[in-house]
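Here chain A shows up in two complexes: once beside chain B, once beside chain C.
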Partner chain A sequence: MTRATRTSPGDSTTPEPAAKTGGRRAASARVRLPRIGGLRGRLIVTVVVVALISAVTATALAYRESREAVLKRAQSAAVDDFRNSVERLSPELDVPADPRSLARFADEVSSGLRGSLVVARYREITAVSAPSADRTRLTPALRAAVRSHSRVSIQRVEQGGQPWLALGAPVGLDAPARHGSAARPSGVEVYAVVSLAEEERDTAELVRSVQGGLVPVVLLSAVLALLAARTALRPVRRLARATRRLATGELTIRVEEKGRDELAELAHTFNETAGALEHSVGELREQEALARRFVADVSHELRTPLAAMTMVSSVLEEDADQLTPDTAHAARTVSAETAKLARLVDDLIEISRFDARAVALTVHELDLAEAVRATLAARGWSDRVEADLPPGIRARADRRRLDVIVANLVGNALRHGAPPVTLTVRAAEDWLTVAVADHGPGLAPETARHVFDRFYKADSARARSEGSGLGMAIALENARLHGGTIEIAPPAPGVGAVFTLRLPLRTDSAS
Partner chain B sequence: MTRPRALAVCCLLAVSATGCGIRPTGVTDGGAAPTGISQGMRVYFASDSGPRGVSRPDARITDLNAAFKLLLAGPTAEERAAGLANLVTRDQAFSATSRRGNVTINAPGHYAGSPQDQSTGQLVCTVARAEVLLHGTRPDKVQVTVVGADGRAGPYQCQQFLSR
Partner chain C sequence: MPHVLLVEDDTSVRDGMELVLRRHGHVVDAVATGEEGLTLLSRPRGGGIEIAVVDLMLPGIDGFEVCRRIRARSQLPIIMLTSRGDDLDVVSGLEAGADDYVVKPITGRVLEARIRAALRRAGPAARTDSDDFAGLVIDRAGLTVTKHDAPVPLPPTELRLLLELSAAPGRVFSREQLLELVWEHDFLGDSRLVDAAVGRLRAKLEDVPAKPRYIQTVRGFGYRFGPL
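Here is the complex of A and B:
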């Protein structure tokens, strides 16, 4: 997502197909390298973890159950074998027993129990089927249980990393036929140690098969998560792309509303929002266009009466010397104000044409020093401005508009700054710079920010200064039309306001 | 659930599933204890694996000679089915005497063979058992001498016939 956002400023100015391929490129990069932090990564991790937990839990439970079953069967089989073996052989045993018969007994019981270790005890006599065998597998707890209970006692022990089942029982008197009644103790105790290695091998085999099954489960769940992430992420990506295009002003963009889920709801909301935005932006544009047309119309309507008024007032002014002083003053005032009004209306018309994008450059090859000098001379500023005009700088530009820009910059410096006003023209590489500096107090930051606004007056007390308040705005529009700018130098001590016009040396006629 | 915790749970489960093989336990009950050591009379019959004793808990014997009667009565149908047989021939005038654990069997028509001979084992073990019951001698102290058609044999102990 971050990547996509980062590429969006580039996409915003590029036309539609480029934006599309950009989005696809970002998407393919995400597919190749699913990030853990992203929605896709989170989904995959969650699904895999859930699959792991459920698989491991299920197999753990099944493993435990089957292990218990295996052990239970093995144990009860061992107990049955043990009891049968002892009962079959005990009729031949005499009590009090002698070591030889006890040893024979132990041997025979052992051979009946797959050759397990058998220990037979009678009082202080102990007979072992395999004398070298380790008898520590018969724990003291088991011996104590056998001594105190006339039951078969069993215990699982581990020795040498191997599981063993230790059994022990006192052998009762009486015949096997009389099972029901409690047997009288004979004093003979028999112990046997049976290996459970086979059962452990079986259960270990089970675990191995489970472990082998876990890897496919994890892979499968990851694939499923990827698929799920795709279905969830594709609409999200589409929505993000649509939002980006909406932000670049493509208000007609809509996304597909598919299905009935939350994403479809989100898409629906997006479409509604885009629709509302399109509607209100359309209304605003309409109103703006109306307002501009109104200004243009009013200016045009004012032009004809103003022309008449200018004519009348100039006649009056010419004849002022023959009028009474009061009337002469009135005539001069009317003439001045009419001239100002005429200039304002001209400026308004000019601005309106800029707003309506109805302006075109008329580009000529011109000598810059000569053009600037002409501008200053036409307005009678030649001796009020220190112009540094290196000869031989030639540029392609609209002479009339360049004149407007320079006249506005110099006029502004003369009106609001303090003399001396300097004008410097330089050309470097492909750019032309015209710097106009005065030695006034300079511009306050607040003023510098608004100096190109329409009808902005730096000194509000001088509301009725000579300018129309549109001059700088028009100058900037003209500079932009050439593909250039007007910059304000940052305030520095000892220097007043410095406006620098930067124009390309070669402006193409088509703007 | 945060990722580390989930992983920890997974590891725990995996360890609990794979880590435990067969755990040791305490002492548990395994059912009724075996019985079968008989204090009563026991008669020995021949089997594939040498003489084997079967108990005759209801038999009351008053002297050693009564043991011959039990022996000659032969195995029960059940014992025969289990592979027991009587190799001691019937019409012989058996008699036995004992003195401090030393038993002498008079068997005029019996040919006492080696200790591998099962019929001799039958006689020796059955009479020795009767001696134990009648006089309270320790089983390993009983010595049996057989006086048969081919002279004296022994003294034997029952164990000699049982352990092959």
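Here is the complex of A and C:
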């Protein structure tokens, strides 16, 4: 969000169209591919998992209950059929039985039980309704139960993945093998194995239909989760966007406070925070502006008395030779200090102009060598600086400001560095460089970091040096005004401090 | 004994400047308001005043207005004295017709140098002949300029600028060269002085100031006189 598209406080609650469409596009992309890590993804996964667990649990419970019910009904039907058949046929059985009558008995019982496998035993004789049938489903436990009980014993057997019902009962001689009645045992035992596969199929069908229903349930829960995520995430995303814009300095941004939920509370807190921030930043800016105006005003007010003092002190200085030595010294001191004060005030006014952004470039095409030579000549430095000025480098720049920069760099080198001071002008591609180097000890890293600070003095013993302490700061501001920089070369053996001014060869005249 | 009119409202500054100027051999009329200064100038032959040093910030009518009123009736060299030095003030002052401006505080030496330079411009030029450039007649001896026989009154800086430019028609002068030739600054001057003076000259000489014939701009280099 650039400053140019900043919205006014009135409509700051609604993002501008560009952000809106951008956000929607991003949101739709996220709908198609929900991030698992994201809040939306997690919400969907959670809801779907919960839906699955409840559906599966309900299905499992229902399956177990219905299977039990179905099997129980099938079982009691089978027991009834078995008992009826045995009761109906037992009078025809001769005891002691021979294998033939036993076999016939088994066959008849079997036909009463829709062709289930029936086994009849009498002492050592065993008769089977279907000779090839597997009799292992009649377990010893069932046989023991039949021998000890007079009623029908049942056992559910799982074999080959199929459920079977094994039934067994002793055959009474004249009385029916009724539950609880004391019939005279005939010594014949009859067993039947009934298949429960059909019932199993029915319950399996139930599971399959529930399984079919799971897919729409999951889909529906995902959709519901998406909807829930949307309502929860939209304010969150709006809040995130507003926070980002707040961080970029758009302090007037506010979000909509809708509803009474926690998100609305969060939005309210955000708005309160943004309001407090805006207020305190506004106060700070106001204070800063006041402080700057104060400096500017004080500097301007200082100018008038300084103008009078400068005038008068120059008279004093001119006449110093005719005064007594003490008075002459005093006159020269006043004159020198007045000049220093005048320069400091000039620099302060210049700095406050930069702070108030009230500076404009007056750009002209100029010859670099000529401009730099003029700067050196105007200050009487031509003999003290080794200048390497290739002819023919032309640039569009503000002559006065370029003069200020070069004068500050060279003056700094002459004051704080050691001779020889060299100045090198070069042009490469679209950039112009003016490197000023001295052969002093160079800059300590700590000094290099602060050399452009206002009133920074590298050496506290030199606290009152010739400069105002603002020169380098002004030089840097002037370079920036041109769209350029001033760089300090890293320390190297045998070379002192090297300051390099980099300016675009063509500066626009806009300020 | 150059006669200087000093308009400055601050007593100390006025006294200090008066002291310095007197020591440099000037006759000084020092006043606190623009109205008083204009009254002095309205005496016969301007009261013998040869140059005016006018503060910008004045009670009553300000320095710009004083400058404009002087310009309306005389060619007197004017140096503007400003305590602000903001670009806008400088440009407004120059456009009001000032020949030069100095930013306070200023040393007596510098003020003296600027006054002498401004006065020199009003003095006789080197060549003593007359040139006719398509109806624009520049009399280098009498220091008068006429256009189609109508006199064009020019203040010293503008006259000097025109003399220098027309001395070598077709030659391109950079702003810096013109600063040296006309304003005689031995320190780094401000090229806006040149631009402002050229602007005023054009307003008086050219038929269509927006499309100058006499004083043409050479983009990126400076100005030249002609070719016509």
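We adopt the following convention: the second predicted complex is superposed on the first by the 474 of 511 C-alpha atoms of A that agree within 3 Å, B and C clash if a C-alpha of one lies under 4 Å from a C-alpha of the other, contacts with A are read in each partner's own complex, and residues count from 1 in each chain.
Here is the rule we go by: a contact is a pair of C-beta atoms (placed from the backbone, for glycine too) under 8 Å apart; a residue touches a chain by one contact, two chains touch by 3 or more.
The structure presented is a predicted model; accordingly, all values stated were derived computationally and were not measured.
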Fit-or-clash call for chain B and chain C when the two complexes are aligned on chain A: fit
Have a look at where A:299 lands relative to chain B and chain C in the superposition and call it first, second, both or neither. neither
Considering only touches as defined above, state whether A:403 meets chain B (first), chain C (second), both or neither. second
When the shared chain A is used to line up the two structures, what angle, as a multiple of 10 degrees, is there at the CA centre of chain A toward chain B and chain C? 160
Under the stated touch criterion, which partner chain does A:129 make contact with: chain B (first), chain C (second), both, or neither? neither
With both complexes overlaid on chain A, does A:110 touch chain B (first), chain C (second), both or neither? neither
Touching A:86 in the superposition: chain B (first), chain C (second), both, neither? first
If we overlay the two complexes on their shared chain A, which of chain B and chain C does A:422 touch? Say first, second, both or neither. neither
After lining up the shared chain so the two structures overlap, which partner does A:221 touch, if you call chain B first and chain C second: first, second, both or neither? neither
When both complexes are superposed, which of chain B and chain C contacts more residues belonging to chain A? B
For the superposed model, what is the least distance in angstrom between any CA atom of chain B and any CA atom of chain C? 70
Going by the contact definition given at the top, which residues of chain A touch chain B in one complex and chain C in the other? none
Looking at the complex, which residues from chain A come into contact with chain B? 45, 49, 52-53, 56-57, 59-60, 63, 67, 71, 75-76, 79, 82-83, 86-98, 100-101, 104, 139, 141-142, 145, 149-158, 163, 167, 169-176, 178-179, 183, 186, 188, 190, 196, 199-200, 203-204, 207, 210-211
In their complex, what parts of chain C are in touch with chain A? 10, 12-13, 15-17, 19-20, 23, 83-87, 104-109, 111, 175-176, 187-188, 190-192, 219-221
Listed in rising order, chain B residues that touch chain A in their complex are 1, 3, 6-7, 9-10, 13-14, 16-18, 21-39, 42, 52-55, 57, 129, 132, 138-140, 159, 162-163
Residues of chain A defined as touching chain C within the complex: 300, 303-312, 314-315, 318, 338-339, 342, 345, 349, 353, 358-360, 362, 364-365, 370, 374-375, 378, 394, 396, 399-400, 403
